[in-house]
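Below, each structure is written out as C-alpha cells.
Next come two complexes, and both contain subunit A; in the first it sits with subunit B, in the second with subunit C.
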Partner chain A sequence: MTTLTTTQTETKTIAPARLNCLLAEFENPAQIMAAAEKVRDAGYRYWDCHTPFPVHGLDGAMGIQRTILPVLVFCAGAAGCTTGLVLQLFTNSFDFTVWAMVWVTGYPFLISGKPALSIPAFIPVMFELTILFSALSCVGLMLLMNHLPRLHNPLFTCERFRRASDDRFFISIEARDPRFYRSKTEAFLKSLGASAVEAVVED
Partner chain B sequence: MAHDHHHAPDLSAGNLTGSSLAMHARNCGIAAAAFLGFGAWNGFRSGDTAHFARTYLVCMMFALAICLGALFFVIVQHLTRAGWSVAVRRPAEALAQNLRWMWVLFLPIAWMGWTGHLDELFPWANLEEMAKISPAEAQLVANKSGFLNERFFFVRAAIYFVVWGGLASFFWTSSLRQDRTGDPAITATCRKWAGPSMILFGLTITFAAVDWMMSLSPAWFSTMFGVYFFAACVTCGYSVMTLICLRLQRDGQLKGIITAEHYQDLGKLIFAFGVVFWAYIAFSQFMLIWYGNLPEETAWYLPRQVGGWLWLSWALLFGHFVLPFVFLISRWPKRWPATLAAGCVWMLVFGFIDLYYLIMPHVPHDLGEFANYREFAEKHASDSPHLGDPTLIFLAAGVLALVLAMTARSLKGKSLLASRDPSLGESLAFQNM
Partner chain C sequence: MSTIPAPDHGRPMHGFTEIDNTGETPGKRSPLVLGVKDFGEVTATVCRPNELRKVPMAWNIMFALSMLLVLNLGFVVHYLIFTGVGVWGLNNPVMWAFDITNFVFWVGIGHAGTLISAILFLFRQKWRTGINRFAEAMTIFAVICAGIFPGIHIGRVWLAYWLFPIPNQMAMWPQFRSPLLWDVFAVSTYFTVSLLFWYVGLVPDLATMRDRAKGKVQQIAYGLFSLGWRGSNRHWHRYERAYLLLAALSTPLVLSVHSVVSFDFATSQLPGWHTTIFPPYFVAGAIFSGFAMVVTLAVPARELFGLKNLITLRHLDNMNKVILVTGCMVGYAYGMEFFIAWYSGALFEKFAFMNRAFGQYAWAYWIMVSCNVITPQLFWFRKIRTSIPLMFVLSLFVNVGMWFERFVIIVTSLANDFLPTSWDKFEPTWVDIGTMLGAFGLFGVLFLLFCRFLPMIAIAEVKAVMPQADPHWEGWGHSHGAGASPAAAHEPGDTK
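Our next item is the complex of A and B:
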C-alpha cells in the first residue's frame, strides 16, 4: 500500500495498479489460430482474440458455440406477427372491452364493404410488425449478449494493442479467469509462440 | 484469407470434367423423347386442342422459367462482382445457354399462328368470336389491338428469343474462353455488360409474361405480372441449378470445390426469392385486386377461387410459402445435401404448380348472369384443376428432361468449374460468417 500525503489535511489512498489481463502478441493468422486452440484446450473461460480482420475458423479454434440469437429473433418476429394480428382483430373486428392501462373498446368499422374480420387487409401490418420486432430485437439482443455498449476497455491503455487494428494478432486472458496464475499463464502464452507478452492493468 | 487448416481443393482435370455427363445426356434425352412423344400423342388423341395448347404452354413456360432463372443468376453474379459464386457458376451458365434453343419450344405456338388457330390459346386473336360471347370484353380488348395483334406478337416473341439467346451465349462463351486463355479482362467485360444485360433481361421477361400468360385473359391486367413471372423463374431456375450441383458432386466431380458454404448460400437465395419474394409478390397482386374490388380485375381470381381451384390456391399458399419457409429458415437444411435436395425438388414442383395456376383457368364468360359470388361459386363448384392429367405430367417431365439433357450435353467435355476466373480463390475459401 502506497500512501501519499498531500500538504493539506486530506489524505488520499491509491490502490496499486490491479492486473486486468495478460496480452500476447502474434505475428500472423496461422499463429493465432494454433495458439487459440491451445488456450481453448487449456480450459480458460475469460479470454479473447483481437485481429485486424475476420479470421475464418477462429470461432471454432476458440471453441465458441453458435449463438442462439437467430432463435430469439424468430420468436420476436413471431411475437410481432401475433401482435399485429391481435391488435387489428381487437380494434377492427370485435367490440368487446378490455383493460389495457385504460378501458378500451374495439370498433368494427365498415371499410369498402369488406367483412370486419378480413385477414388479407391485416397482413401488411402483421408483416411490418414482424419485420420491426425482428430487426429491433436482433440489434438490441446482439448488443446485450455482447455486453455492449462498453465505453472503455483496459486494453486501450496498452500502446502495443494499437496494432490490433493494423498488422498484429492478440490473445488476452483475463485475470478473473479461475485458471489464471500470472506466472504460469505468462509462461504458457510464451510457450505458444507469442512474440511478446504484456501485462495490462486496470486504470 | 486462406489459413493452414484449409486443404487446397483438387483442381485436377479428373475432378473438373464430368465423366457421367455423356450418360446423363443420353438418359435424359431418351426420357425427353419418350415423355414428350407420349404427352403429345395423348394430347392430340384427346381432341381438345384448346386444352392441349394450354397444357403445352404451362410446360413451355416451365422450361423457360428454369433457364431464365439460371440466366438471372449468372447476370446478377457479374453485376454484383460476387466472388463466392464462382464455384457454382458454370452449371448455371450451362443451364442458361439452353436459351439459345428454346425458340424450338415456341414453334408449336408459331405454327398455331401460321395456320390461323392462335385464338384457341389467345382469345384476342379472334375479336369477332370474342364479341359473340362478350361484346363488352371484346370492346376492351379491341382497344388493345395496337399491341395485341398477331404480327406484333410474333415480332416480340422473336425479339425475346434473340435477346435471351444472345445474353446466354455471351456469358457462356466468355466463360469458356476464359478457361482457355485465363484472361482476367474477360471477367471485366462480363461485369461491364452485366448492367445492360440485366435491363434487357428485366424488360424481356416482363413483356414475355404479359404476352404469353397475362394475355390469355386479354381484358384483365396486373402491373405485377412480369415480376410474378420473375419470381417463378427464380424459384424454378435456382432449384434446378442447385440440384445439378448436388448431382455432379454425387457423381464424384467437383469434390471439395462446392462446399456446404456454397450450398447454404444457394439455399438462402431459394429461401429469399423462391419462397419469401414469391409470397410477397403473389400476395401483393392478390391484395390490391381484392381491396380495389373492381369487376374487370377480380374476374381473374374468380375461377381460381371456386371448386377444386380454391384448394389449389390454398395448396400454393402453404406449399410454396408456409412449409418451405419453416423448413428452409434454419441453417442445417441448407447445408446438408439430402435436405437441400428435398427442398429444391419441393420448390420445383410448386414452381410448376404455380405456373399451372397462372395459365390454366379460364376467366368465365357468364359472369354477368350471376347476382353474387355465392351463386357463381355454386354453379362452378365442380370446376377443378387436373394435375393428374397424363398429358400435363408427361409434357412437364419431358421438357424438364429435355433441359437437363441439353445442359448435360453442353457440359460434356468442358470444365465444370470456371477454373481460371480471377475470383476463384475467394470462392474456394468462402465461408459464411
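Our next item is the complex of A and C:
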C-alpha cells in the first residue's frame, strides 16, 4: 500500500505538467507600469498585465492598440434605428405581405386622421431601438472580443493570483511566446523588480 | 496609531472622522475615501457585509417586514386579476389613479441611479464611484416595481403580449402612434440597458468576491457570474471603452424615458395634462425623487454595514445639493404651470389649476408643494446638508411629496375635466393601498437581498479614484499632481 502511494507521487514529480506561463507579482501601479514598458520593449507578444482596477496609462505602456468596439457599436445602433423604422412602417403604414418564418401582413392604421406614413410619431421607438441594439451589442461584443465568459484559466490554479482582484498587480508571460525561455524570462521578470515570480502550469 | 490628520480647512469636523471632505481648498483635493490606507482595506470594507456569518438584526427585521408586504402584494394582485379592475377605486372620469401614480413614481425613482452612473461618469464626477453601485441597483428594482402597474392595469393580463409587435394571423399590430406604446419600448429598453450597465460594472467586483469566497457554493455562484474575469489589462481596455459607450448611450436614454412617460399625459387633450413643459419637468422631478431615495437608502446602509469611509459625508452633501437644484426646478415648473394656465386665457386650463390648488384635492396639492418646494430649500444651509438625521427626514418628505405630485397631476385633472356633470371623486380602496405598499415591500426585499449578496460599492472603481491608483503617486509623504489629497502632506495612519 505504502509503496504504491510513493510510486504515484513519484510519477507526478517525474512527469511535470506543461508550463503555461510565468507570473510576476508587483506591489503597486508605478512598478507594473515600469515593468510593462520593459516587457513590451523586450518584444514579447503573448503576455498580459492583471490589475484589480484599470491602471491609467498601462494601455500605452503595454502597447495595446485601440479597440474597434465603438465602430461596431455604431453599426449596431444604425441597424437598430433602421429596424425601428422598418418595423413601424411595415406594421402601421403599408399592407405588404412578407415571409418572415410565417406569412405576415402589415396593417395601415387610420388613427385620428393622421397620415399612414407619420414619421415623427415613429421617432421615439426608433430612438429606443437604436439604444437597445447599441447597448446589447456593446456588452456582447466586449465580452466576445475578450473571449469571455470563460469559466477556467490556468491562472486560477495559482493561489497568489487571487490577489489580482484585490491589491496586487501581475504580469504573465505565456510559454507559447516565441521569445519565451523559462530561465531567461524568469531572470528578466526578477530584474524588473517583481516581488515574486511563479510558474503556472496547464491543467 | 496615529490618525490621518485633518486638512486645514478651518471648518468644524463632523462626527465619524477627523477629515472634513465636504469642501474644497483651492490647490488641494478633498479625498473621496477616508480612513482607508490601501486597496486591500477597500476590498475588505466593501466585502465585509457579504461575508458576515450573522446578518445585523436590523436587516432581519426589515426583511421580514418587506416580505410580509410582498405576500400582501401577491394576494392583492391575484384578487385583482381574479375579480377585475373594479376592485380599485376607479370610476368613470378617473380611470387612472393609484396604478399609474405608482408607475410614474417608481420609474422616476430609477432615474437617479442612471444619472449617477451615466451622466456623472461622462462629467468625470469621481465621487460617483462611492454610490453608483447601489444607486444602479435601486434603479433596476424601482423599474421592476414600476413594471408591475401597467401590467396589472391592462385588465386582461393574459393579453399583455398584445403590447409587443408579435406576428399573428389577425394581422393585428400595436399602434405605434400612441405614447402608451412608446412607453412599452422606453421602459423595457431602460430596464435592459440599466441591467447591462449594472452587470458590466459588477463583473470585476464579482471576481473579487469569487477570489475571496471560502465556501463552495459562493465560489461557484460568484465564479459563474464573474464570467472568468481575471483583471487582464487587454480586457480592461475594451471594458473601459464599453463602459464609456454604455454611459453615453444611457444619458440620452434616461432623459428620454421620463419624457416619454410624460407624453402619456402631454399628448392628450385633458386640461392640466396638455402642456409642453411636461417632459423637462418630469425629468427634473424624476431626478429629484430618485436622489431623495438614494439618500433614504444610503444613510441607513452606510450606518449598518460600516461603509462610512467610502460613502462619506461629501457624497451625501453632494446628493443633497442635487436635491436642492432639482427641487428648485420642480418648484419653478409648478409656478410656470400656473402662469401659463393664466396667460393662455383658456377657461378649462385656468379652472384645472385653480381646482388643483383649491378644489377637492387641495390637501394633496399642498402636501406636494410643502414637501417638494419648501423642504429642499432647507438644503441651502450647510448645517442641514451635512446633518445625517435631518437629511434622512427631509429625503423622506421629498419621497412623499413626489408621490403626491404624480397623484395630483393624474387624479385632479381626470376628476374634474370639461363637463361638471361627469365629475366624480376618486377614493382609494384597500386594494389600491395594498398594491402601493406591496410595491414598496418588493423594492425592500430586492434591495435587502442585494445588500446581503452583492458588493454594495463598486470596489474596482473606488480603487481607481484613490490617490494610490495613480502610477505617479509617490507615497503619502509626497504631494504629487492630481492624486494629492489634503492628507497627503502627512504620514499615513488608520482611524482606529
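By our rule, the second predicted complex is superposed on the first by the 185 of 203 C-alpha atoms of A that agree within 3 Å, B and C clash if a C-alpha of one lies under 4 Å from a C-alpha of the other, contacts with A are read in each partner's own complex, and residues count from 1 in each chain.
In this section, a contact is a pair of C-beta atoms (placed from the backbone, for glycine too) under 8 Å apart; a residue touches a chain by one contact, two chains touch by 3 or more.
The structure presented is a predicted model; accordingly, all values stated were derived computationally and were not measured.
Bringing the complexes onto one copy of subunit A puts subunit B in a clash with subunit C. When the shared chain is aligned, subunit B and subunit C each come close enough to touch A:Pro29.
Of the two partner chains, neither subunit B nor subunit C is touched by A:Glu202.
In the superposed three-chain model, the partner touching more residues of subunit A is C, compared with the other of subunit B and subunit C. When the shared chain is aligned, subunit B comes close enough to touch A:Gly113, but subunit C does not. Looking at the shared chain after the overlay, A:Pro124 reaches both subunit B and subunit C.
In the superposition on chain A, A:Gly57 makes contact with both subunit B and subunit C. For subunit C, the stretch among 21-29, 219-227 or 399-407 that collides with subunit B in the superposed model is 21-29. Judged by the document's definition of touching, subunit A residues 29-30, 33, 53-57, 70, 114, 121, 124 lie at the interface with subunit B and also at the interface with subunit C. Those residues of subunit A that touch subunit C in the complex are listed here as 28-30, 32-33, 36, 48-59, 62, 64, 67, 69-70, 73, 87-88, 91-92, 95, 100-102, 104-107, 109, 111, 114, 118, 121-122, 124-125, 127-129, 131-132, 134-136, 138-139, 141-143, 145-146, 148-153, 155-156, 161-167, 170. If you check the complex, the residues on subunit B that touch subunit A are 1, 3-6, 283, 286-287, 290-291, 293, 329, 331, 429, 431, 433. Contact residues of subunit C toward subunit A in the complex are 38-40, 43, 165, 167, 171-179, 181-182, 185-186, 189, 192-193, 196-197, 199-200, 204, 207-208, 210-212, 223-224, 227-242, 245-246, 249-250, 252-253, 256, 260, 263, 459-461, 463-464, 468-474. Those residues of subunit A that touch subunit B in the shared complex are 29-30, 33-34, 53-57, 70, 74, 112-114, 120-121, 123-124.
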